[in-house]
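In this document, chain identifiers A, B and C correspond to the written order of the chains, with residue numbering beginning at 1 in each.
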Amino acid sequence: MTNRITSLVGLAIVTAVVAIIPFVAPNSFYLDLAIRTGINAVVVLGLNLLIGFAGQISLGHAGFIGLGAFASAVLPTHFGWHPLAAMAAGSLAAGALAAVVARPIFRLRGHYLAMATLGLGIIVNIVLRNEAQWTGGPDGMPVPAMTLFGIDVVSDRQWYWIVGALLLVSIWASLNLIDSPFGRAMRALHGSEVAARVVGVDVTRYKVAVFVMSAMFAGLMGSVTAHYVGFVSPALADFGHSVELLTMVVVGGMASVFGSVVGAVLLTALPQLLATLEGWETVAYGAVLVLCMIFLPKGLVPTLAARFERRRR
Amino acid sequence: MRGVFKTLVGGIVLAAGIAQAALAVEPIKVGSVLSVTGAAAYLGDPELKTLQMYVKKLNAEGGLLGRPLELVHYDDGSDANKANAFAKRLVDDDKVDFIVGGTTTGSTMSMVPIVEKAGVPFMSLAGAVVVVEPVKKWVFKASTTDRIAAERVLYDMKQRGITKIALLSDTSGFGQSGRTQTLSVLAKYGVSLVADETFGTKDTDATPQLTKIRNAPGIQAIFVFGFGQGPALVTKNIRQLGIDLPVYHAHGVGSDEFIRIAGPAAEGVKALAPALMIADHLADGDPQKPVVSAYVKTYTDTWKEGVSMFGGQAHDNFFIVVDAIRRAGTTDKAKVREEIEKTSKWIGTGGEVNMSATDHMGFDLWGLRLLEVKNGVWVEAK
Amino acid sequence: MLAQLLQFSFSGLTVGATYALAALGFTLIYNASHVINFAQGEFIMIGGMLAVFLVGLGVPLPFAIVLAVAVAALVGVLMEKLAIEPVGRGDTLALVIVTIGVSLVLRGAVQVWLGKGSHALPSFSGDAPILIGGAALMPQSLWVLATSAAVVVALAWFFERTLAGKAMLATAINRTAAELVGIDTDRVLRVSFALSAALGALGGILITPITLTSFDVGIMLGLKGFAAAVVGGLGSGLGAIVGGLLVGLIEAFCAGWLSSSYKDAVPFVLILFILFFLPSGLFGPKTTERV
C-alpha cells in the first residue's frame, strides 16, 4: 500500500513540475528543452518496461523512433494522408516490426534481443538513408504541420501541453501496468523465468507484448518529434541515439518508472551543458555511463530511494 | 532599518548603473551551429577555427560599429536534429544577431524553419541547392552549390569530347544531393552515364564498385562526388585496379589533406575548388589574390595547419554579414538582411558574389576552378 | 567475368579478415565473461591511430606496430581493471553497458588527442598490384591475410599447448568448475581483454594502409565484427573466423552485383537471418543458456 502512496506522490510531483515550467521558463529555449525531455521520457518509460520488467535490452529503439518520425513525414507529404492517420500508422508499423522480430527471438534465451534489435535499428537507418526519393536521404526532409480539429499545431506551447499530457498519461499507465496481473507476471519473468513458467505464465507471449508496446511508444514519440521539430533526418534512427536512450534508463534506474523520468531529464540536459565543452562531450558521456554502473548500479532513483528508506528506519 | 533600506536602494541603483554600462558596450553576438564532430567534422572543424580566429582578430582591431563581437558556438555532432535544438537556443536564449553555419545541408534545413520564424539573418555553409532554391527570406549561402559543381565538371568533359562517364557518389547528403543534381544536368552537356554507383563515407574498400565501373562499355571518365576520406580512398582504389581513366572530383576534396591521404594515387586527378587552394599559383593580377593570400596567411599562422575551402567559405559568409552590418550602421536584423541581399561584386575566397532578391547565393559557374594534382600539389588545370 | 569474381573475392577476403580478427576479440571476451564487448571496435581504431601517430614521430614501422599493439593491450587490461572489475561479475547487462561507456571514452579521448582527420600508413611492401587472372591483388591484402592466418595458428597453439590457454578454455566451458580446480578466473578475464585488444589493434594497423583510419572507424568495424561473431556463433573461435570471412565476402559481392548502397546492411541482415533460423550460429555451442 505504501508503494501505491509513493507512486501517487511521485505522480503529483511530476504533474506539478509539468504545470509550473511554462510559467517559470525564462524563454522558449527552456520550453524546447522541456519538450524534448518529455519526448525522451516517454520513450525511456517504454524501454524501461522492457528492460526492467522483462530483463531484456534493446539496442535499436532509435530505429522505431525513426519509423514513426518518417511515417509522419513521408505519408502526408507523398500520399496526402492526414497527420493523425500517419502517426497511427507509424506507431503500428513500429509495433508490427517489433512483433515480427520478437516472436522467433524470444523463443531463445540469453541476450539475443540486444543483437536482433541492434541489427534491426541499423537496417532501418540504412533504408532511411538510401531511399532518398521518399525520405530525402541523409539530409532528411521537412514535415507538414500536425492539424487537430482543423487547427494547425505549430507553437511551442501547444506542443508543450501535448507532450506534457502524453508524459503524465504514460507514467500513470506504467504505474497501473506494474500493479496489474500483467505487470506482476512481467516482474515474475525478471525474477525467474522457470518459476514464471511453472505457475502458468506464458513467458514468450508476455515478453513479446512488452517489446511491441515499447516499440509503439517509441514510434509514437518519433511522430511527435517529427511534427514538433518540423524536420526529420535519419540521424534520429542512429545507433548512437539508441545508446543515449539506454543511458537514460541506466542512469535513472532500471525498473523504476520515476527513474525513467529522472534519467531523461538529466541526460537531455547534459548535452546542452556539455555543448560548450568542445570535444570532451563524448568522453564525459561515456564516463557518466561507466561511473553510474560502478557506483549506482541500480540507477539514481532506486539507490536514493533505498537510502531514504534506510534512514527512516 | 533605514540603513538597510539605504543600502538596498544603493545596491539597486548600482546594479542598474552596471546594467546600463553593459548595455552601452553590449557585444554583437555571432551565433553558429557547426558539425565539429561526427561524419562532417572534416568540414566543420576548419569552419569553426576560421570564425574563432576572425572574431578574435576583429575584436583586437576595435570590434564592429565600436562594439566587440562575441561568438556563441554549438557543435551539432553532424546530427540535424541537434542542429534544430541549438538553433532554437541561439535564437531564443542567446539572442544572437546573426547565424553562420549549418555545416551540412541536413543541419541547415532543420534550422531554416526556426530562423525564418524568428527573422534572423542566416548564412548557411552547406552545399546543396535546396538551401537557396526556392529563395527563403532570411537564408543566404555564399558558397558554391552542387549543381554548379556538376555543371562545371560536365562542361570540362564536353570540351574534351568525353560523353560516357561513370558516376560514383558517396552516401552522405553531400554526395546524394550531388548525384541528383548531376543527373538533372547531364543532358545539357550531352553526357550519358554508363555506371551509377555509390560508396559510404566510412567505407574501407570500393574495389567492387570500381570493378563494375571498369567493365562498363565505352566508359571515358569517372566522376566522383563525395567529401572527406571516402574520395581519397576511391582514388587509391582506382589506381590500384590499374584503371587509367581521367578522374574528376567535385568540390568536396579541395584540401592538402586529400593529397596527403591519397598519396601518389592523387597524381593527375582533377577536382573543383575555389582559388583558395592554389593561393601560391595565382597570377598577380588575379582579383582574388589579395583576399586569398590574406586568409591563407592568417589561418596558417594561427592554426599551424593547411587551409581548406570550407574554412574559406566560413570566412566569406562571415565577412559578407560583417560588411552588411558596416553598411547598415546597425545590427537591426531587417536592415542587415536587406544589406546582405544587396551584396554585389564582393570578392571572397570562393569567387565573386552578387546577391539579389531572387538569388541568395550569388555565384556563377566560374567561382569554382578546375584544379589538377601535379607533382603532389594542386595547380589550375590547363 | 572470372576477373570480376576474383576481384570481389580479394576485396571480400581482405575486409573479411579484419572482421574475423574483431570477431575473435568478441569471442575471447565473451567466453571469459559472457560479456559482449562493445569497445572492441575502439581497439581496432586505437591500433591504427597509434601506429600512424608513432610513425609520424619517426618511429620505424615495425617498432611502431609492436608498440601500438602493446599499448592497446595495456588499454584492454586497464579497461578490465578500472571499469569491468568494479562492476562485478553478476550483472551481464551492466557489463555490456559499461563496455559501451568505455568505447565512448576511448573514442572521445583519441579524438581530442589526435584530432578528427583521416590518416594513412604506407603499405608494408609497396603499392604495385599483383595481377591474377585479370584481377588486382594488393600486396597489403596478402599481409592482412597472412597475418590473420598466423594469428589463428598462434591462438590455436596457445589454447591447446599452454597452461594459460587451457585455463581460459576451461573458464569458458564452466567458470565455477574452473574456479574449483584453482584457476584464477579474474586473471583469465584480464588476459582475455589484453588479447582481444591486441588482436583488434593488430587488425586495425594491418588495414590502415588499405582503408585509412580516423578516430571513429571503430564504430562500424566493431559492429561488423560483432555481426561476424554472431554469424559464426558467439563463443566459437572457428565460427569467428568463418563468420568474418563470410560477412566480408557477401558484402563485396553485394556491392558488386546487387547494390553498393545496401552493402552496409549485409552484416545486420545476416544477424537477423541467423537468429531466426540458426540461433547458435554456424559453429556456436548448440545449447543457448540464459545468462
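Note that contacts are C-beta pairs under 8 Å (C-beta built on N, C-alpha and C of every residue); 3 or more make two chains touch, one makes a residue touch a chain.
Every value quoted in this text rests on a predicted model; they were computed, and no experiment measured them.
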item: Contact graph of the chains (line, ring, star, complete, other); value: complete
item: Which of A-B and A-C has more C-beta pairs touching across its chains; value: A-C
item: Gap in Å, rounded to a whole number, between the CA centres of chain B and chain A; value: 36
item: Chain A and chain C: spacing of chain centres that average the CA atoms, whole Å; value: 32
item: Contacts with 2+ other chains: residues of chain A; value: 130, 279, 281-282
item: Residues within chain C bordering two or more other chains; value: 111, 219, 261, 264
item: Junction residues of chain B - those touching two or more other chains; value: 36-37, 171
item: Contact footprint of chain A on chain C as seen in their complex; value: 36, 83, 86-87, 91-98, 100-109, 111-112, 219, 223, 226-227, 230, 261-262, 264-265, 267-269, 271-272, 275-276, 279, 288-291
item: In the complex with chain C, residue positions of chain B that touch it; value: 36-38, 41-42, 45, 171, 197-200, 202, 204-209, 211-212, 215, 228-229, 232-233, 239-242, 257, 260-261, 263-265
item: Complex contact set, residues of chain C against chain B; value: 3-4, 7-8, 10-11, 14-15, 18, 111, 116-120, 122, 127, 129, 131, 135-136, 138, 207, 210-212, 214, 216-217, 219-221, 252-253, 255-256, 260-261, 263-264
item: List of chain B residues in touch with chain A within their complex; value: 36-37, 73-75, 77-82, 84-86, 88-89, 91-93, 104-106, 109-110, 113, 128, 130, 171-173, 176-177, 180
item: Complex interface listing, chain A residues touching chain B; value: 26-30, 32-33, 36, 129-130, 132, 137-140, 142, 225, 229-233, 235-236, 238, 271-272, 275-276, 278-279, 281-282
